Every structure is written in C-alpha cells, then in structure tokens.
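Notes follow the structure.
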Amino acid sequence: MSQALASRAPSPEGNGSEKAVRVGQRSLARRFLSRPEFGSLIGAVVVFCVFFTVAEPFRQASSLSTVLYASSTIGLMAIAVALLMIGGEFDLSAGVAVITSAITAGMFSYQFSTNVWVGAGAALLVSLGIGFVNGMLLIRTRVPSFLITLSMFLMLQGLNVAVTKLVTGSVATRNIADMDGFDSASFVFAAEFSIGGFNLRATVIWWLVFAAVGTWVLLRTRVGNWIYAIGGNKESARAVGVPVNKVKIGLFMTVGFMAWFVGMHMLFQYNTVQSGEGVGNELLYIMAAVVGGCLLTGGYGTVIGAVIGAFIYGMTKQGIVYAGWDNNWVMFFVGAMLLTAVLVNAWVRTQANKR
Amino acid sequence: MSQALASRAPSPEGNGSEKAVRVGQRSLARRFLSRPEFGSLIGAVVVFCVFFTVAEPFRQASSLSTVLYASSTIGLMAIAVALLMIGGEFDLSAGVAVITSAITAGMFSYQFSTNVWVGAGAALLVSLGIGFVNGMLLIRTRVPSFLITLSMFLMLQGLNVAVTKLVTGSVATRNIADMDGFDSASFVFAAEFSIGGFNLRATVIWWLVFAAVGTWVLLRTRVGNWIYAIGGNKESARAVGVPVNKVKIGLFMTVGFMAWFVGMHMLFQYNTVQSGEGVGNELLYIMAAVVGGCLLTGGYGTVIGAVIGAFIYGMTKQGIVYAGWDNNWVMFFVGAMLLTAVLVNAWVRTQANKR
Amino acid sequence: SEEGGQQEEGGGDVETPDMTIAMITHQAEGDTFWDIVRAGAEDAAAKSNITLEYSANPEAGEQATLIRNAVDQDVDGIAVTLAKPDALQDAIDTAKDADIPVVGLNAGIEQWEEAGLQQYFGADETVAGEAFGERLNEVDAQKALCVIHEQGHVALEERCSSLEETFDGDSETLYVDGASMPDVSSGITARLQEDEDVDYVATLGAPFAMTALDAVEEAGSDAAVATFDTNRELVGALESGDVEWAIDQQPYLQGYLAVDGLWLYNTNGNVSGGGQPVLTGPEFIDQDNIDEVAEYAEEGTR
Amino acid sequence: MSTKSPSTSHPSGSDGAEGTGPIVELRGVGKSFGNIRALSGIDLKVGTGEVTCILGDNGAGKSTLIKIISGLHEPSTGEYRVDGEPVRFTSPREALDHGIATVYQDLAIVQLMPVWRNFFLGSELTTGAGPLRRLDTGRMRTICDQELQKMGIEVASVDMPVQNLSGGQKQVLAIARAIYFGARVLILDEPTAALGVKQSGVVLKYVSAAREAGLGVVLITHNPHHAFLVGDHFVVIKLGEMELDRPRSELSLEHLTHHMAGGAELDALEHELERGQEPEADPSHGVGHGQT
Amino acid sequence: MSTKSPSTSHPSGSDGAEGTGPIVELRGVGKSFGNIRALSGIDLKVGTGEVTCILGDNGAGKSTLIKIISGLHEPSTGEYRVDGEPVRFTSPREALDHGIATVYQDLAIVQLMPVWRNFFLGSELTTGAGPLRRLDTGRMRTICDQELQKMGIEVASVDMPVQNLSGGQKQVLAIARAIYFGARVLILDEPTAALGVKQSGVVLKYVSAAREAGLGVVLITHNPHHAFLVGDHFVVIKLGEMELDRPRSELSLEHLTHHMAGGAELDALEHELERGQEPEADPSHGVGHGQT
C-alpha cells in the first residue's frame, strides 16, 4: 500500500536544500563529544587521574583488578537497572533480590542435598518470578513502581531473614562449598584468572559481556527501540502499537535475571550468605545508572553510561582506601568525588552542546 | 487593558449551555471520593482495622499516643519532602540532614558552653544552608536532584561521623541535658502533655500545625500554585513568568528547615545524638509522600496525603510490635501492609473515577 | 514469641505462672551475633513458661519507642541493650514508673546502674576490645587493621578504640559496607595492597572474618585474621587455624541470663550480681579449644 | 511483536474489504469520562475508497471519536464493527493489526527519541535472522529522510530528537509515518492544523491518493475548504452528538460552513471585521473568511 | 513575584509607548542551536496599534523568533530593543514585566493543574493582607469561566485538569489568558491552529480589538486569509531568513499567498486535486484553496 501511495503522490521539490543552507558541519569528534555517556567518561577520567596522582598503590595492576571487581558487582546490576530506568521504572527491590536469589540457591541445594546447579535453577525461577510479580503488580494496579518495588523490597528483606532462620536455624545459609557441582558453578560465577600478575575475576568478564549484550539490545533491536519509547512517552508508544505491558514485565524480569546472576556470584564466591545483606545497594545501582546519564524520568540513557557510573563508584570507594585518606571521612570523600564526577559531566555536556 | 479589550470584544453567545447538556451531576460525597488523598485515607483505615482486630494492646489510648509519636517524626519531614516532590525534585539528603542539624546544635552548645538556643540557632543556619546549597547546585548545573542530593547525603553522612569524632572523640555528641536553656528548648521541641491518660507529644502537635501550614501554602497561596506548576511543567511555568529557580531553592530550604526542626526534637528528646543515624530515613519520607498520592515525577499531590502516608507507616511499624508478630518477619509485614495500603488506595481511586 | 516453636515444646511441663518479657536490642537486620542472643533468650523463655517479645532497631529513638511499646503492652519485664543510654533514659523511666523491672544486657556496662537498671548481663565492648589488644601484643603483632562494617555504630567503634588502647603496635580502622560482601572484600584487599605492613586483620563479626580470609589471599598479603564473635561457619576456619582466634562474649548466655534474671526476680525476688555486672566474657576461642564449642556452634548457640 | 514490513503486511486496500460493506462501522457509540459525557449515539460507516470528514466545534468530541476507532478508548456504549464483525479493541495494537492507522492530534511521538526511531516506532525494519536479527538502521534512516522530504520537510538530521523539531515538522512526521505504514483505514485528526500552505497541500494530495488506492480515510479538520476539497461524506458533531450526516452530493460548501459555525453569527463577525480593503483585495473574500 | 492585578498593572497601551517609536525592535537577530542555524539576520519592528503577521513554511524559524522576543531564548547574534533601550532578557518574567505577553505554540500549560490555576499561573489574584494574603479562588474561578465563555468555550468545570481538555480548548485557554493579562505587546504563535471556525473568528476579533486598544500584536499563522484579515504588516521568513517585509498597502492577498507557498507549484496542486464539482460549488473556490 505504501508503495501505491508513494508512487501516486507527487513529491514536491525542496526549494534549495535546507540542510545545505542551515546546518553547519559537525566533525566526528564533536559528534562523539555530544554522546550521552561522554560526560560521564570524562568524569571517570578525572576521578581516575585524581587517584592516580595521589595514591601510589592505585597505579599497580593488582589495584586495578580490585577496583574492577568492586565495580563489577555493582555494575552488573546497574546494567539491568539502567535498562529498566530507561523504560521509565524503578526497582528498589534489586538490592535484596540479589540476596534472595543467593539464599534460595544455597538453601535449596543444602536442604534437598541436590547438585548446586539445581539450586541455582530454582533460584533463577524465584528471581524471574520476583521480577514478574513486580511487573504484573505495576501494570495491573498502575501504582508507581517506586511503591510496588519498595513493598517488594521490604517483604524480601523480611523473607530473607525469616525464611533462612526458619530453615537453617540461623540467619546465614550453610556452607555449600563441598557439594556436587560447586566447582563448575564456582568456575562460571566466581572464577579468577591470573594474567601476568593481573587478577581477572569472572564477574568483570561477565560485566563486559552483559554490557555489550545490553547495548546491542538497546540500540540495535526492536525491543530496545520500545524501551526508549515507553520510557519517553508511554501513551504515545501504546498508541503506535508498542506492547507496553510486555516490555515492562520483561524489563523487571531482566533485573530479576541479573539479580540471580549476581546472587550466584555471591554464593559461589563467599560460600555462605548472610540473610541481612543487600540493603542499600539498590540506591548504588540507581546511582550508577544516573551518573552514567540515564534520566530518572525515563526515555534516555545508555548501558555503557551505567557501566561507567559503576566504575566511577568502584574507583572512588577503593581509591580512597589506596590513597590512605583518614577513614573517618570515607563517606565524605565518596560524596565529594561523586559530586566532582557529576559536575564534570554536566560541564562537559554544556560545552558539547554549545558547539 | 484587559477591561478595554473585554468591553470592546463581543462575547459570542454559547448556543445551548454545554454544561447543562453534557455534564452529569456529581454529589459532594463523590467529589470527596475523587480527591487524591481519599484513597490513602481508606488505606489507613484498612491498616488501622487490621491492627485493631489482631492486636489487643493496639486498642489502648496509650498505644495510639505511641503510634502518633512514631508517625510524627517521619511525618514532619514528609510534609517538607512532599512539597519538594510536588515541585518536581528529590532530596536524598533529608535523612542525614536531620542528624547533621542535631549534631551541630549539640556540639556547638557544648563546645562553646553557650545557651542551647544559640546552638539551635547555629544549627538552623547550617540546615538552611544545606538546603540552599542543594538548590543552588541544582539550578546552576541542571544535574538531576537525585545526584546532587545523593552526593550531599554521602558527604553529610561522612561529615556527621568524622566531625563528631574529631570534636568529641566518640561517635555520639555529649549529653547537653544540664545546659542553659535546655528546659525551655525541651519544652518547645519535646514536651509531653498528659490528657486523661493520653500522652500527647509536642511533635504530634507540631506535625498537625505544619501540615495545616503546608496545606494552606500549597492550596491557597501564589507560591503553592507555583510549586504545582514547576513540578508539572517547569518550562511552561517559566514561560508564564513563574520564578522557577527561587521556588526550587525555597523548597530545598523548607526541607532544610524541617530537618532542623526534627533534629532539634531528636536532640532535646534524647539529649545526645548518634552520628551514624538517619541513613535510610530519606526513603521513608519519600515513601510517606508517595503513599499519600504525590507523583514522583512532580506536579501532583497533597500535604494531607503525606501526613496520612506517614501515619500508615507509623501504625504498621508499631502495630506489628503490638501484635507480637515475630521480629524476624517485621520487615515482611511492613512490606505487606504497605502493599495492602497501596493496593486499597489504587482500587479506591479506580472506583472513584468510574463514577 | 507466639510463632516460635520453642514455647510450645517447653511450656507444657512447667507449672510456673505465665509471664511476658520483652527483649529490645539494637540489632541490625539479619545479624548472626544477635541471632544467638535471641536463641538464648528464647530457650530461657521456653523453659519457664515465658512469652518472649523480641524486637530490635539500631536507631536509638526507635529503640526507645519499642520500649514504650512494651510498656503499653504491660509486659512483666524488659531486657534492654543499653547501647545509647542517654537516648533510652526517658523510655526506661517510663517503664520504671509503670513498675516494670528492667535489666540490661550486652551493652552499657558503665551506665546500667546510673540508668536505674536492676541487673546487667554482658561483657562490655571495652573489655572485649582491650582483651583483643592484649592478645595482639602476645602474638607480637606490629600493625592491626580493625574493620568496622557499619560506620557510626557505637559498639563497633568501641571495640576498635579499646583495642587501640591496649595494643602496643599501630592500629587503624577501615570502614566497609557490611551489607555488601564484595565491598567488604575489595575494601580489605585494597587496604592490604596499600599498606603492606598490616600483619593482623581484626574483623568485628564472624561472617566478615571469612571474607577477610579471601581478601588477604587476594591481596597477596600474609596478614593473619582474628575476629570478634563466633558463628557456625567460623568453626572450620578456627579448626584449621586460618582464623587465629575469635573473642567470644557468649551472646547465648547474655540472652539467656537476662530472661532468666527477670523470671527469677518476678517469681522469687532474686537479683543477680549483687550490684555488679554479671560478666559473660570475654573468652578466647582458638585452635586449642574449638572442639569444646564446635558442637554448639553447629546448633547456633555459640 | 509482529514484524510487518509495509510492503507485505496488510491485505491491499482494494481486496481487503470485499466489495460493498463498510470496513469500519460504529453503531450508537457513546463515551463518558466520569460524569462528563463526551460522546453519545454516534453512527458512522467508513467504506473503501471514501473520505469521511468529521467536523465540529472545539470540544465537540471528534478526537474522542477517533480514539475509539483506533482502539485507544473503549466505547462506554454502542457497538463497533470491523468488516462486519463486532470487535472490542483493548489496545491500539489490535486496531493496527486490523489495518487501522491513525495520526493523533497529540501526535503520539516520543520527544526524546530521534526522528527516525519515532518514524518506525512499533514497526521497525530488521535485517538478519535469529539472534543476529537487528534493526536495519541505515535503511530506516534513509526511508525516514525520503518520506519527510516527499512531504516538503527537510530536517537537519534524522538523528535529532523530535523535541527539537518545529510544531509543523512534528505533525508532518506523524502524518508521514501513518501514510507510509497506511493500511486499510487512515485516520487523521486535524492533520493540517500546524502546517504551512505547501505542506497542507501535500497532505491533501496524499489523502486523495489514498482514496484512489482504495483506502477508507477519516479526516478531522476545522477548515471547511480542506474538507470540501477531498471529502465524500460529511459528519458534523455538536456537543457530542451527530448533527449532520450527508454525502457530498447533498451538500454545498456554504451549507457546510454554516453548519460548522452556527450560521448567522458568522455574517455578523464578517461585517464587524470589515476594514478598508486594498484595491487588489479579492472580490470573493466573503467566502475567504468563511474559513476563519 | 510581582502581583499585578490586570486592571492596574501595565501602563495602558496607548500612552505606554509615547507616540511613534516601535515598542519592540529586533536588529539583525540570529539564533543557533548547536550546529543548526535556526534564524539569522532578522530585523523587526512592532509598533503600537499595529498587527505584524509573521508567515513562513514549517520549520522556517517563526517560533524561534517569537521565543526570542518573549525572553525564552537569548539571541545568539544581533540586538533586541524595547522602547528603544537594548535589553537582554534572561527569563520570560522580564519580558512580561516589560508588558510582552505571549501565547506559545506549545501553549505553556501545566497538564496536571486545574484550568483556573493554569489561567492565572504567574499572575494569581490574591485577597487579604500580610500572612493572611491568600488566593482569591472564587474570583479566579469565575473570571476564568467567563473569559473562556467569551471565547466560545464552555468547559465542564474549571477545576478539571487541563489534560482532559480537547486540543482546541487548550489553545483557547492559552489565548484567553494572554488576552486577559494582555499588556503592550501581544504575541500569538499560530493561535488558530487547532480552533474551530467560530473560535477562530473570536480570536481574530480579539486581535483587531487589541490593535484598536493601541497594542502591538505579533501574529504567526499559516492561513494567509487570517493574516490578511487583520494584518498591517507582513513578514515572510524562509529557511531562517527574512524573505519579505511589507506593509499591507504594498501587498495583495494573492501576492502573499504565493510568497508563502512557492507560487507556481500551488497552481499545479490545485489542478491535480480538481474533481467533479457539485453544482453549488462556489465559483471562487480557486481562491478558496489558496489557503490549503
């Protein structure tokens, strides 16, 4: 049909190409400058330079490996949280959901004496289920996701402790290091490779892999287009036929999946899980995404940005230790560095837009 | 001029009153039903009924007084946070800012051996200053308030502990109960009146007073109109001449003022302040506002709603204790009750809109 | 508690009067140490026909409110941790006005009498910290790293500062986020990479000792690890000598004695301690005596 | 979900609706929002190769009507049939799948997204297969640019976020999209409102081309001249009810204009505004401001 | 900040600008967004009792121009004078304080706020004094309702959020507000775009009333008939530059129409759309679709 119309309808000639008249040239470099994650990249560079200058141990390869590891556990979740946030929603339950997943796998394997992979499978179901419930509640009730996921956060926080206590009699899961399948699972989720003095952790590799996948999905698939659209204007997206509800549920389940993944890392890295952990991390994930340029109101942002955001946090947190700054002031420095990174970011963006 | 135009321009007759033709009658009761805070009110009633049924101690007057007190410390801040949120911004530093204010007053009075009112005055300056800095950073850099106030949150958290340690050598401030002016300050910020077995705390009275003031400002003053407008559509508000920046700074300073007030209560109620406290409360304030019907994206909500939201939280938190439910499950129940209140709220709103 | 299984088990055989006792601590959610305190309290309650209302909040104001809750419920006794005595004073006075006996446990060895508590069961953090410092002297440690997993937490700060007090070598503190094991792990690793002189890492909770072991290895440091408090997981590490020692203040005993003390007072007018605190520790557990406690740790009572 | 490329997606207009029956039919349709009755008792048929113009005052209920047709609102009362079958659309996706494409008055665009992504939103072109299936960004950019140029609009870059476009450029984008993906029924809500003279002409030409291609077109406009130029059937809505429902053959432009504006009143207005005319003033301007 | 009630606020139009000088004057003004040059070299004068019409294609730069005048954008180049004094507005508040009121194309309304609050936003009426000074809600509701009715719009309730209004109702609200608070210069960006025949007529009447009251009016429109009906001075912008700048006396409607649409092309369009005319068809329709 469009062909029919297209051939039939006349195409009025543009009188003098507008582009030629009104659009100045923009070099490739400048285009790059105005990308959303560029500002945060400069922020990261500034933070890196600060610590590189003041902290001698920060310059070693082994330090970089520690920094990368610290960033990766935040960063993995930040990828999923960024996708969700671009889609216009929050997930405050993401922090404790990680622990829920680890606890489920740990207790399931231990109580039923199964291979740990079976436990991991059960945990995956639970994690995806949590995401699904979040999404369903959201679309059924139209209550803001802040409230839905805050309720979920509190409930999971309670369940983590209460169920662990009920099942194991204590508030931590049993050590599963000697169970079937532990070694292979440990290799997948918590391996460590030493490459010429540089310790590369599995989570770091996965972090980059998932970042690449997330970027691909966001920029090069239909679903990615829909994520931007529902975050930018849900009603308009619905009006042109985007399956808004399915995408939202999918995004929550993506967060669920990533929570499972990070939970498995926690379990197989540390062998047991403290049921009270995870609280407060949800803010770090959101922070990483926002530092990386995601809008809290949705519809704008990138996965790479979230990765950079997590890296800024990891560098700051560990850099302060390497710098040997008075530890009483640690939170102050974290806040100050964050502010620095954010201000640099804002400044860079204004500059880029001026051109 | 408008007169000139108005008299000159003809007014075309409406052909048949549209209102008469198309608008059905709506009773006063139904109008009330569709008010934004009505849903949360029903949510509060449901929560109240649950605990009234299951928890015998909950029925006593003295319990109500405890519940009201617990709600009031959250609720006071929720009022300011709701105003800010209606104006389209967040303040994550609100929780620790309360402690900063209390610490400032406590340490200032103690170190300089002044009347505690002098310390309170210093703290007021500091608190308003924090709000001002938040606001200035926001309008100067146009970075989302989430990041600005998150940085502020981290910095204050660090400062609270570090400065307290530096000055007092421990992580709590000194007891100021025996200092000049303590009694009068204590009366203002932390008095307790016994009215026929019912203990009425000063914070509860202040809570209602500030709620009334907040409601008045929001609904009956020009500034209130502007708050709604800048939260709903900043650009449009700016275009019709609303002083957007001043209002935003004012809102942040309002939060600062309230943080000071609650901080003073903490100080004069408990005589000393633990410097590590306050973390996490910012989410409770936001929660109370959102439960009460404020939109996270701004432009919509009421102060009364935030008051009800805080009351729901207070009832839940204390009700669980009165009901004697297992401590391990506390968070689960808090989450479940919150979800209940929110779902009831959503359901009521849908029903009200159907009519 | 009403849901707790223990109460039904024990309740049947005992002919003593029913009573309700509230225990209000400054526990943070899901902490292994407090889990053991609570286990002790519950066992004592079950044995004596007591309904135990356990509640906790790390914020002083909230803890005070919980005490008021208990007063509203008209319980027969209150056991409270006096982590922030000034802040709780008001609420404790309310309880005393309502003729409810109040005992202290775990924290507040200096202030419990002044605060008007009837009895006190515990080992002060100061005592524990000082003992830790002396033990470090014994093993000839030069530089210790004290890892605080919650910044601004009174009891934890106390442990580190009293450790510093008695320890002859250098001692430094490191703040990490206890809610996130990767943060604990990388924090310690980073610190050990930064400062290669550290030869002892002191953690303030058993789970963090296990993570510290990983971190030490990761950093390629040869620092030893020792800790405050015990739990089930720690047994293996103590047995193998990976963790050199744990300083135990017998949390089970604190919970148990506090409830039992209240019961004794209510049924027989007994007051323990004779105006002195009843000390529950500190006690060192290491490779030599781990066998004695291993079995109980497995059950979650040590 | 569904991946239509415009060339293969829909049954071509002419053979989609066999012969005579209307594609879309409303019977006694009404819609209320709370206590506000926006629409009541609307009967409407949209046949193949026919342009139905819906006219009416501001707030008459025109947009509400087309939102019902396009599946954005469910009607409160009455029946909605497509190809003779009663339907109940719960989302615009279903209407789209029935071949009903709409240009909304509020344009349904996502301000923060680039122009080309908006153009193809919901109907993205892909290339490759399996896990490697990906957006064909190059082709989409080119097509988007071409289609906009065909409508007389040249934007600086199709990668620019839509919020930077001018009011008329946004409108052209929405129209170009609907026409490109046009199916069996094309619904246009005030498509020429913000358009310049040239662009308006192009849109009207497209409407008439669509008719000739056998599509059913629903056109909402406030400009009786535009309506009369392309319309086959005219419906005037007043205060939510149908006031007039006539084929072109039974109606004159003046008649229509009077129906739209309340007759006599207009004449008064005309005289009131009368002012010193320049010599070249067109003698027929009496009709000219019929469209004011 | 400032609390003007409309009756006392501004110097009345006629004595505000003494005699001859233009109220608003632009000299060589240009504006770039990044690498996009939206406007360049614009000279414009707005005098008292004069209606200046700005015309031009979509994306020509008309809205950008009036955003500069109303203080929403700062010009990148050139000079902006009010009453002969160079000014540098950093916010629309300052323009408003100079008596420049604007109706924006995107209307500058707050969707979630009730109609009456939007109407008075930024210029609220108050009653009482000191701490008891409060919004005069009753009076504001009444005035708002009256003013909308004067423009031919009756909304269900002025307490309804603006997002529930129809497209045209929103536009009328924005216009009614600007007219009510109208100052010395009234700027209207496509005020009649979404309006029905009746409402358009009312707006044009207001424009002509404003001129007679001695105001300067800037009117942007795509409808040359509307423009010619009220305009005293015509400016055509093309690709961001001024193409035409003529007083009414030097211009005919046809001339203007041709300038707006690119001349010859239009004639082709006309013939292409030509179809079987009904007997009553107005003989002058050749002009009629001049406004397509």
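Which chain is which? They are A, B, C, D and E, in the order written, and residues in each are numbered from 1.
Everything that follows uses one rule, which is that contacts are C-beta pairs under 8 Å (C-beta built on N, C-alpha and C of every residue); 3 or more make two chains touch, one makes a residue touch a chain.
By chain, with names taken from UniProt: A, B = Xylose transport system permease protein XylH; D, E = Simple sugar transport system ATP-binding protein.
Small disclaimer: the values here were computed from a predicted structure and weren't measured.
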| item | value |
| --- | --- |
| Greatest separation from subunit E - chain, by CA centre | C |
| Of all other chains, the one whose Cα centre sits farthest from subunit D | C |
| Between subunit D and subunit E, centroid-to-centroid distance (C-alpha), Å | 26 |
| Intercentroid distance (Cα basis), subunit E paired with subunit C, Å | 73 |
| Gap in Å, rounded to a whole number, between the CA centres of subunit B and subunit A | 30 |
| Contacts with two or more other chains, residues of subunit A listed in rising order | 10, 12, 18, 22-23, 157, 161, 165, 280, 295, 328, 330-331 |
| Sites on subunit D at which at least two other chains make contact | 35-36, 59, 106, 152, 154, 156, 198, 201, 205, 262, 265, 272 |
| Numbers and ranges of subunit C residues touching at least 2 other chains | 29, 151 |
| Residues of subunit A that touch subunit C when the two form their complex | 55, 57, 60, 62-63, 66-67, 69-70, 73-74, 95, 157, 160-161, 164-165, 169-172, 174-175, 199, 266, 269-272, 274-281, 314, 317-318, 321-324, 327-328, 330-331 |
| Sites on subunit C touched by subunit B in the complex | 1-4, 29, 38, 51, 53-56, 59-62, 64-66, 68-69, 71-74, 84, 86-87, 89-90, 150-154, 157, 161 |
| Subunit A residues touching subunit D - in the complex, by the definition given at the top | 1-6, 8-12, 14, 17-19, 22-23, 216, 219-222, 224-226, 228-229, 232-233, 235-243, 246, 295, 299-300 |
| Residues on subunit B engaged by subunit A in the complex (per definition of touch) | 90, 92, 137, 141-144, 146-148, 150-159, 161-162, 165-166, 279-280, 283, 286-287, 290-291, 295-297, 326, 328-336, 338-339, 342-343, 345-347 |
| Subunit D-touching residues of subunit E, taken from the complex the two chains share | 33, 35-36, 56-60, 62-63, 105-106, 152-156, 164-169, 171-172, 190, 192-201, 204-205, 208, 222-226, 229-230, 248-249, 251-255, 257, 260-262, 265-266, 269, 272-273, 275, 278, 280-285, 287-292 |
